[in-house]
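Mind looking over this structure? Questions follow.
Labels run A, B, C, D, E and F following the written order; every chain starts at residue 1.
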Amino acid sequence: MAHLSWPAYAERIANGAVVLIPVGALEQHGRHLPLGVDFMLAEAVALATAEHVDAVVAPPFVYGYKSQLRTGGGPQFAGTVGLDGHSLSSAITDVLRGLARGGADKLAIVDGHYENQMFLTEACDLAIREFRQSGRDGVKIVQARYFEQFDEAILKRHVGGPPLDLAYEHAGVFETSLFLHLFGDLVDMDAAPEQAFKEFPSYDCHPPHDDWVPATGALSDPHRATAALGREIFDACVQGMVRILETEFGPEGDGSN
Amino acid sequence: MAHLSWPAYAERIANGAVVLIPVGALEQHGRHLPLGVDFMLAEAVALATAEHVDAVVAPPFVYGYKSQLRTGGGPQFAGTVGLDGHSLSSAITDVLRGLARGGADKLAIVDGHYENQMFLTEACDLAIREFRQSGRDGVKIVQARYFEQFDEAILKRHVGGPPLDLAYEHAGVFETSLFLHLFGDLVDMDAAPEQAFKEFPSYDCHPPHDDWVPATGALSDPHRATAALGREIFDACVQGMVRILETEFGPEGDGSN
Amino acid sequence: MAHLSWPAYAERIANGAVVLIPVGALEQHGRHLPLGVDFMLAEAVALATAEHVDAVVAPPFVYGYKSQLRTGGGPQFAGTVGLDGHSLSSAITDVLRGLARGGADKLAIVDGHYENQMFLTEACDLAIREFRQSGRDGVKIVQARYFEQFDEAILKRHVGGPPLDLAYEHAGVFETSLFLHLFGDLVDMDAAPEQAFKEFPSYDCHPPHDDWVPATGALSDPHRATAALGREIFDACVQGMVRILETEFGPEGDGSN
Amino acid sequence: MAHLSWPAYAERIANGAVVLIPVGALEQHGRHLPLGVDFMLAEAVALATAEHVDAVVAPPFVYGYKSQLRTGGGPQFAGTVGLDGHSLSSAITDVLRGLARGGADKLAIVDGHYENQMFLTEACDLAIREFRQSGRDGVKIVQARYFEQFDEAILKRHVGGPPLDLAYEHAGVFETSLFLHLFGDLVDMDAAPEQAFKEFPSYDCHPPHDDWVPATGALSDPHRATAALGREIFDACVQGMVRILETEFGPEGDGSN
Amino acid sequence: MAHLSWPAYAERIANGAVVLIPVGALEQHGRHLPLGVDFMLAEAVALATAEHVDAVVAPPFVYGYKSQLRTGGGPQFAGTVGLDGHSLSSAITDVLRGLARGGADKLAIVDGHYENQMFLTEACDLAIREFRQSGRDGVKIVQARYFEQFDEAILKRHVGGPPLDLAYEHAGVFETSLFLHLFGDLVDMDAAPEQAFKEFPSYDCHPPHDDWVPATGALSDPHRATAALGREIFDACVQGMVRILETEFGPEGDGSN
Amino acid sequence: MAHLSWPAYAERIANGAVVLIPVGALEQHGRHLPLGVDFMLAEAVALATAEHVDAVVAPPFVYGYKSQLRTGGGPQFAGTVGLDGHSLSSAITDVLRGLARGGADKLAIVDGHYENQMFLTEACDLAIREFRQSGRDGVKIVQARYFEQFDEAILKRHVGGPPLDLAYEHAGVFETSLFLHLFGDLVDMDAAPEQAFKEFPSYDCHPPHDDWVPATGALSDPHRATAALGREIFDACVQGMVRILETEFGPEGDGSN
């Protein structure tokens, strides 16, 4: 979308294209992955999805909710930069309003950051409330985490072991494989930590206990990650997104569903 | 910064690097330029600046304040997506807080969108107020519009005529030249409008008079734009940014000034 | 705490008591359970916990975040009343500030509503940020969902079948058993739905698809619920909370950990 | 309402029941009364009112606006926990919205805390503004302090002396009598202070002069309080509330007025 | 203060002057008084007070909280313009911060609008909270309604009858007398309503019952108002304010109290 | 407007009068001008404009956005008191809402403070958004800085030299001339600074470099200011405002344009 002129974009929208909005984070991902993992993967999934359905991809909303200890390692790592919940929700509501005002009524958020979910939910709810007050009842917003749109059997087949808890998959096999597949030259597997799967207590503490998190910032062991696995996961996530959009907006992108 | 791991980023910061934060907009730029002009140019200037001073570039904050009729064409164009003022200020304050918390105390906002200025000022002011309450008196934030960091004599020499009003330079000679230089394949000069320089009344009206704006969305005539002029402007802007950072943070990036 | 005079409360706090803050919701729980399930269970767990550790229980913050389709059935049921995210976070931050101002520095939130978690996290984070600015570094806040403080093996042993997804346990075996144990006369098992375990899509839609949810409002089949199972779960949750408080605030409630 | 299932609640609302929303505070009430006085009395009045009119009682919104020196003793007492004005107004607006969305259009706030009034007024005003934008013109909200719904002649007849200023009645004859009648075992008359009626200056000071308030926290002398007086006041308040609801929503609860 | 240059103002502050901040409203005051009554009277009292103590008067904050039916006649009258509670509190907090930042630590709000009180209280409380976080513990804020700083015996002696309820004194004997004394040519006694004292119910309704208010907008009968009474009231209010400032900031304005 | 009774105001509005809303600031203006310059001039222009078109003038919104170094000298001067951006926008939105609710649909903001512009724009945009949701599509708001409504040729003819940058005209020839014309006895030309035109860097720094600003607070040399020039500028500004109102609301004030 950032590369389209407004008339080109307007034509796409008028013809029924969905607008995909990648939302990510700027957050540490261990010593072997870069800080941009979450928004880069969300954008990559969105772009690949847009090759299969009639969709344009908005530039990513880079900054997400504050990293939490048990799902992202927490704020104690340099380079982890998060927004307050209200700021994030307000800004995303504004983005949704702006897109709807410009004629788009098929919107889909592609979320790449575990901690974002509820604040995106709030943003969508506030936007829908406002749309109803403004007589824009026809706008529909899909909200999906790309990393929940694949069959975990893939991971199990490649990696073995018990079912993974995606909450712990921060900088682990899942994200590392995707990065090896998509942005291999940004991965430094030599720096990948050798560590057992991290187990967290079942609660949170504020201020956070920094020592709950491995010093590397990775919450699980990424060594079994491979580009081949990354490709398989990626394709599955993209197919999952495609199915969602077809279900919600019609296989022809005509919103008939 | 998005491509660095957190330890690599932490080392840069510890050694005194400035963090540059490009802020842009998603906003129509006529029929010949794409919607992403403002954040793409802000990021390009930031990246080039970082080749001359010790700086890392944060991923761009893509979405800016709502487009205004007299400086950006206004909200009536599809694809123009802006944030409310409070959302923008809050989110940028959060970004500044997050960077400072991670150890960075040399921050510089590179603004690429005319309407952002006062809301970025508010964000910086609120951040500094909070830093003082938190005992972080050492953080300094530079706030600069990249498009004010060059000598307008350049434009005059190339283009002739009266001094340009940068407020009207939306999708005009200035931005088009920069885009021809940096992202030439995203410019469609065949679609560039033939129009006299737009003159606006000296006030605003709400709701906006859409007919004040040319149907193309360009506020001035971009035809005299060239890649050569773009290069000259770009280099001047980058040099301007470099001088600012050296002035404020020291030629060695050691903050001695 | 609501039944203590201020001097009696002040003495408890001065002697090191933890303040437990139950947070719940007013939300449909099927035809067989009442609207108050979430805050009533959170308060019941808190009160039982306070019999084992040195703690006082604040009156419950009854109203929680807006019910979501995939975890609570959603807003389409009469009697489901939720707060916006910012309202909830702000009010809880205020409660934490007020307790800390009154001398309490051992605080623990006992959360009984699935959708509350991130907004409570935000409230705690904002409170801690403010405490630091105010020189109140000694305040520690534990944030725990009571329903994650037991071994799911209990459920499996009683109920059999695959591991339960607590997100779906809304008005299911888990909550119904607890209610049979604690508030049996408020349960109408004759009204309990016969339904297969509900499976949801892997994404959200706004406005929500009301037809994703069974007309009863229960997301899974509560028929295998028993008071005996409820007792076992309840005791396990209370023990879990006790362990957390002892870990974080010391076995003597002296905060030595 | 917390004890009703959603279908039972929905039926009551469909048949025209009013929803009563008790709002209170957690605030010191001298050495002889507990911290929960305000929300406990508001709830008690609401429950008794609901025996005389067709009404359901929502669970109390426990936490109210910050205690002020001249009406509640102020924040210097441990156990006094108040919300910021905006938090309280926002949360109550949300509660009103949620109830209205679920079909209730006869709403009544029963306020038990002196300092709440204007912030509840703000909440109601914001809710009505939003309802109008949403085409929900039929919702009516009554806002009443229960302690203003009786004839002060009762107090005068029992207690004698000059007319009481209810602002000073914090933990005095009025509230103590009500508590003796309703929750007698939570009153410790031995701890009741012997003190002359407190006279305050005619202005406020920030930060507050803590020494304006008796060390006990009671603003007037509660010794003449009796359970008999409490019963008379209570019945009068309930009758007052009943009259209000009948006036505003019709004697049959049919909203014909 | 508006007429002083900054060095002149700075000198006054350095010498210990109090800054008085009149806060009013723009609100109907019957057919015989103008819309500006509340801020004009607050400013007049502040200016007269400043002749007796060492004080400078800030320009009035004209706009106050929304007019309520039972104290100001309500929003249904053209020309009644009020702020939302949060807007008013935030703006006044900002004014207090700005004055404190400029060196003033003796601040006094002179309130002329009945409905403002709690939102000014909130503003002062938030300002003091922030001052403490910023190490500005020395700032003291007095908050006084000018119309509570006189002995009601004056009114009784002039007017006779039962004690007045100031809440009903909107556009009645009190304000009309003051206006006759201070701004006599803005009073149109021929337009003053002949009406019995208005009695209101003991609760509020939202949306408001406009017919509770006399069509004139005056809540009581102003006919016994005289300029002589106005002078006596005015002098008493000013003396009351002077006493408050001397009590709180010392007779020499040296803050020794 | 402050001097009109509500029926008199209502009649003016019903007959089509525009409501002018002066917005200013309390801000240092050098040693020779008082702190109230911005709101006093905005109000003076509005009052004079109202003599030529059918308009009533609301009392000024005195307090504006925070003074910035490069346009107003910045916050380091005693007596400079500014609002946060969100507070200002919210309060002005409220004023616009209140005026519209009272029947006015021709509104015009007369801005006298350089830094206010974008926050007033935000206020107008939010008000219009709300008006549309409320079915008040007919409200039109003009937003004009009075100081941009004259031909700079006037200044050039009187003063000579290069075109002035109004951003630097803070307490310079422009404002000083206007004050000499309108409020001559509040000008102390003996205190006017002898200084070269101030040149600022092309960026901002936070916290601000106080030494960028002359110690006097004046950003340019006011010595060539005269009352005669002030009269000419003033008349031109008023005529400019008149033209704008006639253009937008019709020469007969009938809104036909």
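The definition used in the following text is that contacts are C-beta pairs under 8 Å (C-beta built on N, C-alpha and C of every residue); 3 or more make two chains touch, one makes a residue touch a chain.
Quantities reported herein were computed from a predicted structural model and do not represent experimental measurements.
When the partners of subunit A are compared with those of subunit E, the chains appearing in both lists are B, C, D, F. Subunit C maps onto subunit D through a rotation of 180 degrees [Cα fit, steps of 5, range 0 to 180].
The centroid of the Cα atoms in subunit A and the matching centroid in subunit B are 26 Å apart. Our note on geometry: subunit A versus subunit D, Cα centroid distance of 46 Å, whole angstroms. Centre to centre, using the average C-alpha position, subunit B and subunit D are separated by 54 Å. The residues of subunit E that reach two or more other chains are 66, 84, 86, 133, listed in rising order. Applying the touch definition to all chain combinations yields A-B, A-C, A-D, A-F, B-C, B-E, B-F, C-D, C-E, D-E, D-F, E-F. Of all the residues in subunit E, the ones that touch subunit B in their complex are 130, 133-134. Per the touch definition, subunit A reaches subunit C in the complex via residues 65-66, 68, 84-86, 89, 115, 117-119, 121-122, 124-128, 140-145, 148-149, 201-207, 240, 244, 247-248. Interface of subunit C with subunit D (complex): residues 1-7, 9-10, 13, 26, 28-36, 39-40, 58-63, 66, 75, 77-84, 86-88, 90-91, 93-95, 98-99, 101-104, 186, 188, 191, 217. Per the touch definition, subunit A reaches subunit D in the complex via residues 132-133.
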